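Here come two complexes built around chain A, the first alongside chain B, the second alongside chain C.
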Partner chain A sequence: MIFTSIVFALFFLIVAILYYSLPCKHRWILLLVSSIFFYMYSIPAYILVASFIILITFYAAIKIEKAKVSEKAMQFYIAAITANVGILVFCKYSNFFSSSVFDSINFARQKLFHNTEIWNNTLLIKVVAPLGISYITFQAIGYLIEIKRGNHYAEKNLGHFSTFLLFFPKIIAGPVERAHHFLPQLQQIKKFDFDKIIIGLQQILWGLFKKLVIADRLSIYVSAVLGNAENHSAISLIAAVIFYVFQMYADFSGYTDMALGFAKILGFDLMQNFNRPLLSKSVTEFWRKWHISLSTWFADYFYTPLAIAKRDWGNWSIVYAFFTTFIVLGFWHGANWTFLIFGTLQGLILTIEFFTRKIRKNIRKKVPMFLNNMAGITFTIGYFALSLIFFRANSVSDALIIIKKIFTSRESGIYIENPSIMLFCIFGILFLSIVECKKEYFNHLFTFSNNKYWLIRNGYYCLLLMIILIAGVFDGGEFIYFQF
Partner chain B sequence: MDRSEIIHQLTNIFIDIIDNGDISLYNETTANDVDGWDSLTHIQLVVAIEKHFKLRFNSKEIQGWKNIGELADSIAGRIA
Partner chain C sequence: MIEVYKKLSIKKGYQYLLLKIAAFLLLAFITDFISGSILRSFYFKQTSGWEYRTKYSIDGTRADVLIFGASRAQQQYNPLYFEERLHQSCYNVGRDGEPFFYYYAVLKAVLKRYTPKIIILDIENGVFKESQDSYDRMSILLPFYKSHPEMRSIIELRSPFEKLKLQSQIYPFNSMLFKIAIGNTEMNKKRNQDIKGYVELRRVLDEPIRTVDFLKNKYAIDSNKVNFYRSFIKDCKQANVKLYIVCSPYFIHAVGTDISMTIAKEIAGENNIDFVDFAKDEIFLNNSKLFDDTVHINVAGSKIFSNKLIDTMILKNKIF
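Take a look at the complex of A and B:
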């Protein structure tokens, strides 16, 4: 049930009406029931996996909190963390490991015994990862770590805790919520707040616009070119790679806007996930503004403990923590060498930027700010685009073909099968860029979306709605990040 | 060494590591208030502070400080 479907719209409408019809203290029950329904809508059996994670984490947290001896607390902590990580690894990587074993056996049989008969790995059972498994386990692990550190109390209401992990607006692709941010909101009395509902609807509309008008339009061009890279010129490939950066951003941030909007209508504030990352002046800054809920999760629970543990190495502890974190983050996206290279490229540039901070700062002092910003933004988008070639490709060799063609191809001309698609792509990127630049640099001057005049404010949203209806792609499929 | 002296010395360390002469630290100052105090510089700051005050924090302390006041308390507790 994706956010852009009619089925979801009906589902959400019913939930919202029932939610505000119920007494405040019983509303969480409706949220839990509707979240379970949402979760079971595709493959019902996977609720068993989610339930197992919930029960293990819930009871382990209480035991950790109650344990008077630290060794006892540590045992529960390690058991619960191992269970969560084990489920995540099994669900996401068992296919990769099993097919790797088969490939290795076949390779060894061919090389050592000259046996050309290939063992068929279709004999293996393919594991389909449960919906939002990464996000459920990340939130559960974060919760356990905070309990262990003594920063959060263990939730005693299993229903509240289950709602925290399963809350349907965020279950598929985040944001990765923190218990201390979400659980207190379940206890608050949420009156029907018309202004909040309007803000939520505006967020949903803007998210829909980004997904249907920008991301799914760009997707048509990107798929046509990058899906058939051998037959396209360098200019077409560069255009497609740059378009893919904007597609990825519009798709993922569009999904997040909708998730935040749906939650807002139900009276919940979820974490911000994006802060205009494409206007970052360095890749380091970019990762502070892109997928914030996940990058702060990794910073708090992975990068920082690693760097602290090795801090006697001096600056090399930071390099070590960078590479390890981004390789794991890359591997989290999928069990493929392409994602490992994507992660390694991020670790590499962050290391370079770390060691050149002072030099770059001195250069910045001598160059006009506008030029500084333009150079920084161009470099950041360019580098991210380059790394996304690996992110999107099915294999490393596919990615290398694209890179080689970009740098060596002498073919001229740009692929434009249908001029209207290209025009819509450029319009979408320009519109998004103008909105983001306006918010970043001129937000104090004028606003359409929050204008004090009813007519201007609502005229803007009517215009967005009209563009969605006219130019939206309604069969564009799922959000890119749903697969992770 | 009193708390104000600790915070004064911390300010000098922050200025050196973050390379920003405009930094002023107070008890209530958090990472959000200091431009450049992020997860990268945090580790460098910890190393520099440990070296300067000749002490060693544990991991729980390093990840537990909410503001400069709490960091100064940790230092004061160690060098008292």
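Take a look at the complex of A and C:
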């Protein structure tokens, strides 16, 4: 059941009506039941894995809090973290690890003993990672760490805790919510708030626009070119790679806007996940604005402890923490060497930016601000686009073929099978860019979306709706981040 | 102060929300109606391009001989040869990439207007293959939903909520804005040269023949497509239209027969319909120069193929 489907719209409408019909103190029950229904809608068995994570984390947190001896708390803590990480690794990475071991053995046998007989991976298991497993485990792990650090109380209501991990607007692809931000909201009395509902509806419409009009439209061109890279010119590949940056952003931020909007209608404020990252002037700034809930999770629970642990190394502790964090973050996206390279590329550029920050600052002083901004934004998008080649490719060799063609192909011309698709793509990117630039640089000027006049404000949203109807792709499929 | 707050609370309650939503929906309805009507008007005013061809196939043509199918119909059957030798008017209503639903919808619209004398239906390997894409591709028929009740049951197969979506006046023209704009100019006339619906392919294939093992190539069959195929035959028979089902040439060495093709032949046989199979015709299998790619013959191949088919039709029935 994806957010863009009519089935989900009906589901949400029923939930919202029932939600505001129930007394405040019982509303969480409806949220839990509807979240379980939502989660079980595609494959019911998934709920078993989620339930296991919930129970382990819930009871371990209480035990950690109650333990009077710190060693005992540590035991519960390690056991619960191991269980969460274990489930994630088993569901998502076990086949990758076993295949890598067998590939290495076969390679070694071939090189050292000239034995061409290939050993097949007999440890392959038929396991489909449950939807949103990475998000559920990360939220559970974050919760355990906060309890261990003494920053948060252990939730005593299993229903509330389950609702925190399973809340349907965020269960599939985030935001990676924090317990201290979400759990108190469950206990608040949520009165019917007209303004919040309107904001929620506006967010949903904008998210829908980004997904259907921009992301799914760009996806047609991107798939046609990158899916068949060998037969396309360098210019077509560059266009497709740049389009993929916008597709990725529109797809993921569109999903997040909708998730935030649905939650807001139910009276919940979820974490912001994007802050116009494509207008960042450096990759470092980009990662502060892209997938914020995940990057701050890594910053709080991974990067900072690593950097502190190795603080004796001076600047190298930062480098070490950058690389380790981004390699893990890359690997978090999926069990493939391509994601490891994606993460490594991020670590590499952040290290370079870290060591050149003073030089860049001096240069910035001598260059006009506009040029400086343009150069920064172009470099950031360009570098991110390059790293996304690995992110999207099925294998490292596929990614290298694209990169090689981009830099060596002499074929001219750009692939435009259907001019209409290209025109819609360009329109979508321009519309998004104008809206984002306006919000970033001219937000104090005239506004359509928050105009005080009803007709102008609603005319703008009406226009968005009409563009969705005329330019949206209604059979485009799932969100990119559902697979993670 | 308390009074003001109370009034504000009531003002911004459920009823206020419903009122605001109703006002927005009214504005959206008006905008949708006006925009949709403008698009509809320009859609049906087109004078060139693929959308124009679809419109002409459904609402315009009164040709005696009609050719149905996907790209292998559109790009292989030249109506000029049929007109010259059969002394009948001919139009190629085939459309690249369209599945069986499209052919049947067009047939229903045509038979509602008039009765052609002959229909040639090109069938290709995999024609009954189950695929969501086949349903999605029916979007080109959406502009005709309102004016062609006979097509509605087919179009509604796209999704369970298609009927609901089609309440919008803009939705039928989804993704067509630029096509409609271009179709109202002279651009397409210069770009796409079609000859009574036929589109020439001019490349020459230069590669050795490859083998395709259909015995290994199993796939799920879409019962809707098979049922529409049966209905296509039935409707032609009822209207007394002479129907030829044709499998045009391939440049592949086939091992076994494709499942869809086997089903198509069986059903044609059950209904005593002529099934003309050129898939293993030696003239084509031995000459890659007659092909544009392995599944489409080029303009030279089209001349030979169209004439061979006409010969077969004349020989089989001695009707001309």
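Everything that follows uses one rule, which is that the second predicted complex is superposed on the first by the 456 of 484 C-alpha atoms of A that agree within 3 Å, B and C clash if a C-alpha of one lies under 4 Å from a C-alpha of the other, contacts with A are read in each partner's own complex, and residues count from 1 in each chain.
What we mean here is this: a residue touches a chain if its C-beta (ideal position, glycine included) is under 8 Å from a C-beta of that chain, and two chains touch if they have at least 3 such contacts.
Predicted model, so just to flag it, every value in this text is computed and none were measured.
S.K.: Should chain B and chain C be called a clash or a fit once both complexes are overlaid on chain A?
M.R.: fit
S.K.: In the overlay of the two complexes, what angle sits at the CA centre of chain A between those of chain B and chain C, given in steps of 10 degrees?
M.R.: 160
S.K.: Please work out whether A:407 is in contact with chain B alone, chain C alone, both, or neither, and reply first, second, both or neither.
M.R.: Neither: A:407 stays clear of chain B and chain C.
S.K.: Kindly classify A:453 by the partners it touches after superposition: chain B alone (first), chain C alone (second), both, or neither?
M.R.: neither
S.K.: Determine, under the contact definition given at the top, whether A:361 touches first (chain B), second (chain C), both, or neither.
M.R.: So A:361 only meets chain B here.
S.K.: Let me test your reading of the model: by the given contact rule, A:469 touches which partner, first (chain B), second (chain C), both or neither?
M.R.: In the superposition, A:469 contacts chain C only.
S.K.: Which of the two partners, first being chain B and second being chain C, lies in contact with A:423: first, second, both, or neither?
M.R.: A:423 sits against chain C, while chain B stays out of touch.
S.K.: For A:299, select first, second, both or neither according to whether it touches chain B, chain C, the two together, or no partner.
M.R.: first
S.K.: Which holds for A:461: it touches chain B only (first), chain C only (second), both, or neither?
M.R.: In the superposition, A:461 contacts chain C only.
S.K.: Tell me the contact category for A:197 with respect to chain B and chain C: first, second, both or neither.
M.R.: Second partner only, chain C.
S.K.: Between chain B (first) and chain C (second), which does A:113 come into contact with in this model arrangement: first, second, both, or neither?
M.R.: neither
S.K.: For the combined overlay, can you note the least CA distance between chain B and chain C, rounded to whole Å?
M.R.: Minimum over all C-alpha pairs: 35 Å.
S.K.: For a test of understanding, state which residues of chain B touch chain A in their complex under the given definition.
M.R.: By the definition above, chain B touches chain A via 19, 38-40, 42-44, 46-47, 59-60, 62-64.
S.K.: Spell out the residues on chain C that touch chain A in their complex, using ranges where they run on.
M.R.: 12-14, 16-17, 20, 23-24, 27-28, 31-32, 35, 39, 132, 136, 161, 164-165, 168, 170-171, 173-179, 182
S.K.: Which of the residues in chain A end up touching chain B in this complex?
M.R.: Residues 149, 151, 284, 288, 299-300, 303-305, 307-309, 311, 314-315, 317-318, 321, 354, 357-358, 361.
S.K.: Within the complex, which stretch of chain A touches chain C?
M.R.: For this pair, the touching residues of chain A are 6, 20, 192, 194-195, 197-198, 419-420, 423-424, 454-455, 458-459, 461-463, 465-466, 469-475.
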